[in-house]
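Take a look at these structures.
The two complexes that follow have subunit A in common; it is paired with subunit B in the first and with subunit C in the second.
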Partner chain A sequence: MVSLADLFGYAFLVPLLMVLSFVIVGLAGTRLKRFEWGGWLAVGFAGAALVVGVLIAAAELMDPSRYTNVQFTWFHLPAAPGVFPNGFSLVAGTLVDPISALMLLVVTVVGFLVMLYSIGYMHHDHGLPRYYAELSLFLAAMSGLVIANNLFEFFLFWELVGVCSYFLIGFYYEKPSASSAAKEAFLVTRVGDVMFLLGIFIYFYYYATTGPSGGWAANGFVFVRGTTPFLAGAMGGQSTVLTVAGIMILGGAAGKSAQFPLHVWLPDAMEGPTTVSALIHAATMVAAGVYLLAVTSLFIGFTSTDQLAIVAVGGFTTFFAATMAVVHPDIKRVIAYSTISQLGYMVLAVGAGFAMVGLFHLFTHAFFKALLFLAAGSVIHAVGTQDLFKMGGLRKSMRVTAAAFAIGGLALAGIPPFAGFWSKDDVLSAVYSQLPSHPAYWPFFVLAVAAVFLTAYYIFRAWFLAFSGDKPRDPTLPHAHEGPWVMQVPLVVLSAFAVGAGLFIFWPNFQGLLLHGAGAAGIPPVYGPADLALSATSVFLGVAGIGLAWALWGHGKVFVLADSSPVQPLRRLLLNRYYFKVGFDWIGAKGVYTVARAADFVDRFVIDGTVHGFERMFAELSDRLRRIQTGVVSDYAAYVVAGLIAVFVLLLFVAPYLVAKFGGG
Partner chain B sequence: MTLPILSLTILTLLVGTVATFLAGSRARWVALATSAVFLGEIALIFLGFSGWPGYNGALVPGFSESESYVWIHLSWMRINYTVGVDGISLVLILLTGILQVATVIYSWGESKRPAAYFGLLLLTCLGSFGVFVALDILLFFLFWEAVLVPMFFLIGFWGGPQRRYAALKFFIYTHVASIVMLVGLLALVFYSGSSSFDFSSVYAGARSLSAVPQTFLFLALFFGFGVKFPMVPFHTWLPDAHVEAPTGGSVLLAGLLLKLGGYGLIRWAVEVLPSGLHTAQPILFFVAFLSIVWGSVLSLSQRDLKRLVAYSSINHMGIVLLAIALDSSLGLIAAVLLMFAHGIVSGLLFMSSGSVHHTFGSRDIASIGGITPTTPALSTLIMTGSLASLGLPALISFPAEFTALLATWNGLSYWVFLPLAILVVTAAFYLWMMQRLLFGTPRGIPAGAHDIPWYEGAGMGILVAFTVLFGILPGLLVNVIVSSPIHGWPGP
Partner chain C sequence: MSGLPIVGFVGLSAALLAVGIFGILTRRNFILLLIAIEIAMNAGILNFVYFAAYTGGTAGLTGQAIAVVLVGFAATEVAVGLAIVLALNRLRGSINVAEATELRR
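Let's turn to the complex of A and B:
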């Protein structure tokens, strides 16, 4: 009898299918006269990957206690004196366990829907073979990362995810702003990547020296889930170098997941097509950072200093990003800031020791965030602008989109029973449960709770601006209409998830999935509204935020701040993103480039100048030496004799002295 | 005694070179045929490679497929013709073969005295092959110098407007370094009390020397090999030579000549003079860090694409030096991997710079840009090369850099942060270059510019194929390298 679980060894099919899609669509696509077929081919591959992903998730849900590891050795170095007493092995493989099955489900579902939506959304664009090929590679890299069974392989896919987002953010490469945003995204995440690398080195080194003897040599440094985190056991959970390693991992995650202070790239990444934004924000790029933190916390473990740092970064980011979303006029950027803020909640939960709660929020967030982006894409597709202040009244002509955006907004604002409520509430109550033993978490908890209000406000501000009122504020906008069915179907499916994904938590099998994901690591997941008062507070804040948005922007109103208003400087500060971008540009572009120019000057004129100085000196010298070439034979004979004497002195006296002095063997 | 495959290969290359010089208009076909035979012979060398532990029974301990014949016999000194390969040289021989065939195909359209051009290309490869297999000091030096001459003519005759200056600068720098190296090598023989110039006898004698003479010898050899690397501050010949050299010359210059320095340092200094390395380590670290930082920062300020790639070579070879200086087996493996990776990737980048020059008549990043719609294939290749060079996984540089930095962490702990931070700068200058040259609105593109001819694409395609192959399966190379008995490595 063939059971579903036999599929576990075939998880590699997901990335493989998408790589095939990359190669076939990328190569064959340019040969097609009409490219439509190429797009559908990519959708077909994504559909096949979806089937595998869903089957694996289903099998894992049936029996959450199993995990399956399949691997081969990449390269192996035996033990050597001074380096790795237990040898050194790098392996590649796939690990299917509750966590990776959950993530694989998210990646394949969102990936497939975005791919389908693209058929309609990208219809008029040029360079479609490139688009679908890169999108396929993006999904391949992300699904590979999700099922990677060790940190080295994880890092490999991590970088591929980064480079794919570089390609896709810069898809409209003829636009200078797009290629600039792509470069910025790559460079800022690269800062995180090198920190991540150092973290890997430290973990490798410690595993190799303190790990199970022979374990490394035989199997590599493979994730073993459902047991005590490795380093917590080995090092008692406290050590300076491990704290450094944890901070480095946090740095890597902060780069990828756009956490403070490496958040600058994400809003600019809006230069890519909206479909790409949906994918980056929901299921791929930014999810990777949170996933890394979760995996590290479950498998390796963080020291308590690390945990505080993670809580601080996550908690602060929730509020910090939300403030910037409050004033922004661009519909995509508002959603972008909301992503940064929501990722903050996930990071916060992982830092407080509840990795599975963070992943649960990642799970629900993936659906409602993809929904919000695709709905926004639908609006942009219809009216051709991203400026909220030009829109208005779109509710009438775009009923499906308006409803979808509203559902996504309610989920984001944390209004029950929508998906976001359950997971956000879990995050807050998880952190709340740690406050008695970790009073240092208090300020970050308060910031995270305050951010709930801002979240509800800014997302409904966007909704009212776009959809309420009678007609667009800018009369030159084209008459809006819904997109084709390929764009509407994903909206409907994602709406269903945005309503229902949170209710999964009441399904025992799903609970089992989260439980077994955390394993025996002593990290109990928190289910449902543990603390009713806290839940009530957060719902109240959400409703209040929506109410404020309605009061200020409802019915097509536009709330204009007087120029003389005392909050104008604050508004400017927020619109300018706290001048972070300016500062980064100043350091990165101006500062480093000036240093480079100065170095170039030194290279040309000091180093080469010295060389040319020698050259002139030798020219001068040879000019003088030429004068001893007298042409008189007896002069030459004298030189020869002098030279011979010098050689003899060297050989007879100096050389033996040196040999005697220094031994010579 | 089986087939003397190494001597046969040298003979093949020699005959091929002479035939190419004489072949006139058909020179490229002769060069291609020679390259094909050369690749076949490399395959034979790999097949016959006894690896670990077969070296025990070999004629020269530690080396496979070795041959040794008396060449010059004096009463107090024997100079032999001795050749052999171990894992390190084998990997670099493979690099030589790949670069030779790729360069010959890439240069298919060369019209300026093609016979001499292809002949000199082959001669360069012959010399490099000789350096990698020679196990006798005189033989080694002979091949070493044999590389210098064809490169001098390649730069000086086929080069750009400043070719005379660049060729002379290249020759003087490397020649002065060669002399110091030769003095070092001869002193090595005499101090070690060896009765022959053979590697094995020098090795046996020199390792037992005390620390002081070892250090002096090591420093002399380090200077000699280091200029070839090139190490900062003796690097300024490299950008000038590259900018002026024809594309084929640049590829071999970066791909092979720089590797001669790295190989020489490992073979004739690091392996032979362990105490010398130990004492000189701080100097090597300093020079390595300096080269890493200097090369990367300088790349950022370059406007000439070729000059940018040249400075990035200084950065990458700095990491090679760092890995060698670590004095650990892991570092040595990383160094050899890195040399191979850099040879392939810099070859790809120099070829694409050459193609940019052929297509647009200039390599000035600041004045031409947005070339992707005009030349999509060339753009893709430039992008592949740049991403490989900045260390993208699944491409060859990544496993090499990863191993090198891991070894650096093991050896120097937090100092590793310096090369790690420089990785960001390396990414920055490549991305910035791509942004200006490939993306944005087209500018400075001459009318009638069209995508690269097939042979340039094929030449680069070969390098891309190996970049991906060994990027995904670095174990193929690692398994060869670790079969060398270096640093007490017990073998697989």
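Let's turn to the complex of A and C:
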């Protein structure tokens, strides 16, 4: 009998379909003008991938206890004494388990909707075959990463995701700011990638002999499900090494997920098309970092020091990024900062030991963040600017967009029953439940709670600025109108998810997915009185934030901070992003340049100087020596005679004297 | 034969050599230079002849033979030298060796 679960062995179809789309659109896109330069083709492939992804997720939901690992061994080195006493394998394969099914759902749904939306949004742009091909490859890489069953395959797709984000952020490569933002994204995440690779090497070296089937290396570094993460237990004696490896993994995730202090690239990545931002922020690039942390914590394990570090990074980033969003005038950058902040919540949850709670927030966040970006894209498409202070009154002409943005905002602010409330509340109560045993988490918990208020404030500040009031503040803006249906449908679908995705938590099968994904540890918290108080607090903070935004910016008002105001320096600090970019630039321009200049000095004057010094010495000497060549025959004869006399003197006088003095035979 | 006066003969050839070397170092005329070289060379040949006679017997014949060969060498050397003199004269219109310094570099 054929059942849906048979599909688990065919999970590779999802990346394969998108790779096919990449190849076909990339090669033949310029001849497919009738199909929106291959765009409809890419939508078709994304739709097929969506069907496979949804079916796999559905089958996993029906029976959440299933772990289906399909693999083939690429090569196997036989056992040899030394580092790999049990041999060493490299395998390629797919693992369908609760977490990868969940992620696959997110990636395919958001990917398909973004692809569909692009048809409308990108219609007037040039280079569309390149755009759709790269978008396809991006989705292929991300879905490949999600279903990878071992650490090396994971890293391979991880790098592919990175390079695709580089391509797409720099899509408008004629713009210097776009190409430099692409380079920035690539280089900053590269710092994280190097750390990730170091982490893999440490695991590689220390866990060659431990783990399932007599050695993780012999097993091809496949993620194996156990009741507890196997390596943490097996390598208790190596906890320092494990800590270092965990910090390296955290570094890789921080680079990809734009966590402090590697967050600088994400706001600049707004230089890409808005659709790309939506994809990067919701389903692909930044989700990979959180997914890496979750996978590592479930299959490999973190030490308690690592956990504290992860909680610290996540909790701090949550607040830190939210403060920067408060003052920014660019609609896309406000949402970008909110992504960094929300990713902080996910990292926080994973660090506190609740990987599945973090992934639940990732799941809901993917929908409402994609919604917010696509709504913002709709606005930008209509008015042609990203400056919030030029917009205003768009509510009247763009009802669907205004409603979608509001729903996304409510979900982001954590107002029940919207999606963000349930997952954010889970994150907060998960961390709260760890506070008695880990008092060090307190400051980061407080920061995360405080960020709820800021989040609600800044997203509704953006909403009021763009949509409330009577008319745009800049009268030169074109008359706004809704986009075509391909842009509205994704907004409606994502709105439905943004409203309802959080309610999934009440579906027993979905709960089962989260429970089984977590193994024995990291079960989502049950709701009790303390949680109720916490929920009430966070909802109150959210409502207060919205209220403040309404008071300051509602009805098209513009709140202008007086120049003499004491918080003016703070505002400048936030607008300048805490001078982080300036600082990094300074490190690059001054620090590295100084070192480079010193190296240049050594190279030029010490090393080259020595070489040139020898050269000049011999040139000088030979020039002196050359002068004895007069060309006059008598002079040469004189030298010969002088030499002869010298030989005679040597033989007749010096040699006998030396023999007499020192003896000899 | 061993009664020959060594100091006299060796002194004669040493004097000849000194005269030759003096000529080589001081003469600027190519022909005079060649003559000086001949004188210095003949000092050497004279030494061969003298020491061959001093040694005597068959062993001494070797010295005499070398002396004859060296006379031949001296003749060829003069032939080559005079050819150079002619060529130099044709080239520069002068046989002053101090002026012929082109081969310096």
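Everything that follows uses one rule, which is that the second predicted complex is superposed on the first by the 562 of 665 C-alpha atoms of A that agree within 3 Å, B and C clash if a C-alpha of one lies under 4 Å from a C-alpha of the other, contacts with A are read in each partner's own complex, and residues count from 1 in each chain.
To be clear about the criterion, a residue touches a chain if its C-beta (ideal position, glycine included) is under 8 Å from a C-beta of that chain, and two chains touch if they have at least 3 such contacts.
This one's a predicted model, so the numbers in the text were calculated from it and none came from an experiment.
Of the two partners, subunit B and subunit C, it is B that touches more residues of subunit A.
Of the two partner chains placed by superposition, only subunit B is touched by A:F88; subunit C is not. In the overlay built on the shared chain, the residue A:P176 is in contact with subunit B alone; subunit C does not reach it. In the superposition on chain A, contact of A:P566 is made with neither subunit B nor subunit C.
When the shared chain is aligned, subunit B comes close enough to touch A:F204, but subunit C does not.
When both complexes are aligned on chain A by C-alpha atoms, no subunit A residue touches subunit B in the first and subunit C in the second. Contact residues of subunit B toward subunit A in the complex are 191-193, 205, 208-210, 212-213, 233, 235-236, 294, 297-298, 300-302, 328-330, 333, 370, 372-373, 387, 391-394, 398, 402, 405-407, 409-410, 416-417, 420-421, 423-425, 427-428, 431-432, 434-435, 438-441, 473-475, 478-479, 482, 487-492. Per the touch definition, subunit A reaches subunit B in the complex via residues 73-84, 88, 152, 155-157, 159-160, 163, 166, 170, 173-176, 178-180, 182-183, 186-187, 190-191, 194-195, 197-198, 201-202, 204-205, 588, 592-593, 595-597, 599-600, 603, 607-608, 611, 659, 662-665. By the touch rule above, subunit C contacts subunit A in their complex via residues 21, 24-28, 33, 97-98, 100-105. Across the interface of their complex, subunit C is touched by residues 629-634, 637-638, 641 of subunit A.
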